[in-house]
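Two complexes come next, and they have one chain in common, chain A, joined by chain B in the first and chain C in the second.
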Partner chain A sequence: MKIVAVAACTSGIAHTYIAKEKLLKAAEAAGHEIKVETQGTVGAENELTKSDVAQADVVIIAADIKISGQDRFKNKKVIEIPTNVVIKSPKGFIARVEELLKG
Partner chain B sequence: MLKKLQLKKHALTAISYMLPLVVAAGLLIAVGNLTGGSVVADYTEAYSIPDALVSLGVLGMGLLAPVIAAGIAYSIADRPGIAPGLFMGLIANSIGAGFLGGMLGGYLVGYFINWLKKNVKVPKWAEGLMPMMILPMVSTTVIGLLMYFVIGVPIVAATNALTAFLMNMQGASRFVFGSIMGGMAAFDFGGPVNKTASLFADGLLLEGVLEPEAVKILASMVPPFGVTLSWVFSRIFGKKIYSSREIENIKVAFPMGITMITEGVIPIAAVDPLRVIFSCTVGAAIGGGLSMMWGIGSPVPSGGMFIVPAMNHPLKFVIALGIGSLITGILLFVLKKEPVEQEEFLEEEEEEFDMSAVEIS
Partner chain C sequence: MDLNKIIREERINLNLEATTKAEAIDELAEILVKTNSVSDKAGFIRDVYAREEIGETGMGGYIAIPHGKSKYVENTAIAIGRTKEILEWESLDGKGVKFILLFAVPEEAKTTVHIKLLSQVASTLGDEEVCARLLTVESADDILEIMTNH
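For the complex of A and B:
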C-alpha cells in the first residue's frame, strides 16, 4: 500500500529523524511505498505534495507535538502515535497498520 | 478524559517553539556578559555593543512566558490561540506568576477558545468577525481577568514559596535536590523528562534562582562526555564495549555534547538502553548534587561549555561536570558487554509494544 507520514518531536533535531528512518525501513521491508515528511526545528523537509496525500492509503503522524498542516489530511485515514512507538517497535507498528486497514 | 485533553502534547509543542528562543537569548546574555556588557537601563545614555547584546538577551528571556503560553494555546485551539496566548504570558510576567502562570494561562485560554468556537453561533454575515474579533477579544478579556484576579494569586504565592524554599536549602537537602534535577535532566537524553526538568530550571531562573540552571546544563553534558570517556577507557584498557557503528556515533555525540545537546547519545542508548540510561542518570545525579551543594549558579540557560565562564564558579562547575562524567564513564566501562557487530540499524530487537491502542482517528 501507499503510506505517507509526518514525523515531529519536541526539540526537532533527533527523534524526528530517527522516527523517519525507522518508518522508512520498516515500511519498505514490508513491501510498502512510503514517503515521510519531517517537521524539525529547521522546518518541514521532504514535504508531502497534494498528489502524495491524494494517492496515499493511509496517513501516519508520528509526533510528540502538534504538527503543521494537519488539515491536509481531511477525509483520509489518519493514525496518530507518539514518536517512541515507531522508534521502539517499527515493524510491530507497520504490522498493526496493515491490520487496521484490512479490518 | 485526561487522555483526550493531551496536556503533555500541548506543553511539548510549546516547548519546541520556545527552545530556539531560550538558546538564542541565553547565548546573547553569555556573550554580552563575557565581553563586559550589562543591561542598558537608560537608552538615552550611550551604550556599547556588549550592553546591547545583554539587553537583547534579557528581552528575549522576557518572551519566554508569552511564547510558552501562545504555543500551548496554539496547540489547543490552532491559530486563534496565538494572540490571546501571548497576552496571557504577558499577564503572567507582570503579576510575577512567571513560567507556571504562562503555562496555565495558555491552557485556559486555549480550551476557552475551543469552547467558544463550539458554542457561540453567529449569523452568516458575522462569521468573518469570529476569528478576527470575537474569539481574541472575548477570550483575552475573560481569561485575562481571571488571571489577574483569581488564578494569579495562588500561583504567585506558590512561585514565591518554591523560590524561598530553594534559597534556604542547606547541605544534604541541596545535594538531594541537585541529584533529582540532574538525574531527570539526563534520564531520557533531551526527551520529555529532561524537558520537564529544564522547564522547571528555566522558570526558576526567571525568579532569580540560578543553581538549578547550572544543574541542568551539567546534566545535559554528562551523558555525551561520560560515553566518550568510557570509549577512551575501552581504548586504553583494551576492553571492547562499542561496535564500530557506535564509535562513529560517539564521535558525533561528543561535539554535540560540548554545545549541550544530549540527543547525540540516543543512538548509543538505543542499542543498550538499560545500561546506558542507568550510567548516565547516576553520573548526572551525582554531578548535579555536587553542583547544587557547591552553590554553582548559571545566569544563562543554554550554551554548553561556551557559557561556563559566565557562571559564578566556573572552575567548580568543571570539576562537578568532570566527576559526573567520570562516574558515567566508569559505570559504562564496567557494565557494558562486548558488542555484537551489527550490520543493519533495524536489526535491533523490537520492544514489545501494545499496539491495540493504535487506531485510525
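For the complex of A and C:
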C-alpha cells in the first residue's frame, strides 16, 4: 500500500527523526511505499505534496504535538499515534496498520 | 552532510565513570562546558531534566538521547559517552542504557546547519544495526564511520 506520514515531537530534535527512520524501514521491509514528512526545529522537510496525499491509502501521524497542516488529510484514513509507539515497535505498528486497512 | 562537524573526538568519552543516570548526564555536561558548548552546567542540566520529564529518552537497545534546548547552550553540540555498566534509565524496552548521546541545542535554534546535523544523527539512530554497532565502538572514528555509512 501507499503510506504517507508526518513525524513531529516536542522539542523537534531527536524523536521526530528516529520515528521517521523507523517508519521508513519497517514500511519498506513490509513491501509498502512510504513518504515521511518531518516537522522539527528546522521546520518541515520532505513535505508531502497534494498528489502524495491524494494517492495515499493511509496517513500516519506519529506526533507528540499538534502538527501543522492536519487539514490536508480530511477525507483520508488517518492513524494518529505518539512517536514512541513507532520507535518502540515499528514492525508491529505497520502490521497493525495493515490489519486496520483490511478490516 | 559532514557529520564530523558535529561528532567531535573531544566530546566523546567511551569510558565514562558514571554508574547512575545523573552521573552520566553530569559527566557529559562537563565535557560540553569544557569544549565551549555550554556556559552553565547546572542550568543546562536543569533544562535536560525538564525534557526528561516529558517522556523517555532511552530509545531501547541500550541507547539514550537526552537533550536540552537551553539558553545556556552557546554552540550546538553532541557529547557522546559509554558507561561500563548498564544504567537505570527510563527506556522504551525497559532494559536501561549504556550509550548516551547528549544533544545541546540553543534555545533560539532555528534552521542552522548544526541543527540539521543533529537531526541527521538522530535519523541514524532509527537504524537498529547502527545502534547495535555503537555499543562496541572503540573510537570517534568508528562512530563517524558507522553513522556516515548508514
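Everything that follows uses one rule, which is that the second predicted complex is superposed on the first by the 103 of 103 C-alpha atoms of A that agree within 3 Å, B and C clash if a C-alpha of one lies under 4 Å from a C-alpha of the other, contacts with A are read in each partner's own complex, and residues count from 1 in each chain.
Following the convention adopted for this analysis, a contact is a pair of C-beta atoms (placed from the backbone, for glycine too) under 8 Å apart; a residue touches a chain by one contact, two chains touch by 3 or more.
Source: prediction; values computed, not measured.
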When chain B and chain C are modelled together on chain A, clash or fit: clash
Chain B versus chain C as contact partner of A:I79, first or second or both or neither: first
First (chain B), second (chain C), both or neither touched by A:A14: both
Which of chain B and chain C A:T49 touches, first, second, both or neither: neither
Touching partner for A:K88 - first (chain B), second (chain C), both, neither: both
Which superposed partner A:I65 touches (first chain B, second chain C, both, neither): first
First, second, both or neither for A:T41, with chain B first and chain C second: both
Residue contacts with chain A in the superposition, chain B compared against chain C: B
Contacts of A:K25 with chain B and chain C, given as first, second, both or neither: both
Superposed model, chain B segment overlapping chain C, candidates 117-125, 153-161 or 279-287: 279-287
Common interface positions of chain A, toward chain B and toward chain C: 10-11, 13-15, 18, 21-22, 25, 41, 64, 87-88
Residues of chain C that touch chain A when the two form their complex: 51, 54-57, 59-60, 65, 67, 69, 92-93, 103, 105, 109-112, 115-116, 118-120, 122-127
Interface residues, chain A side, partner chain C - complex: 10-11, 13-22, 24-25, 38, 40-43, 64, 84, 87-88
Interfacial residue positions of chain B with respect to chain A in the complex: 9-10, 12-13, 15-16, 19-20, 74-75, 190-192, 195, 261, 263-264, 266-267, 270, 345-346, 350-353, 355, 358-361
List of chain A residues in touch with chain B within their complex: 8-15, 18, 21-22, 25-26, 29, 41, 58, 64-66, 77-81, 85, 87-93, 95-97, 100
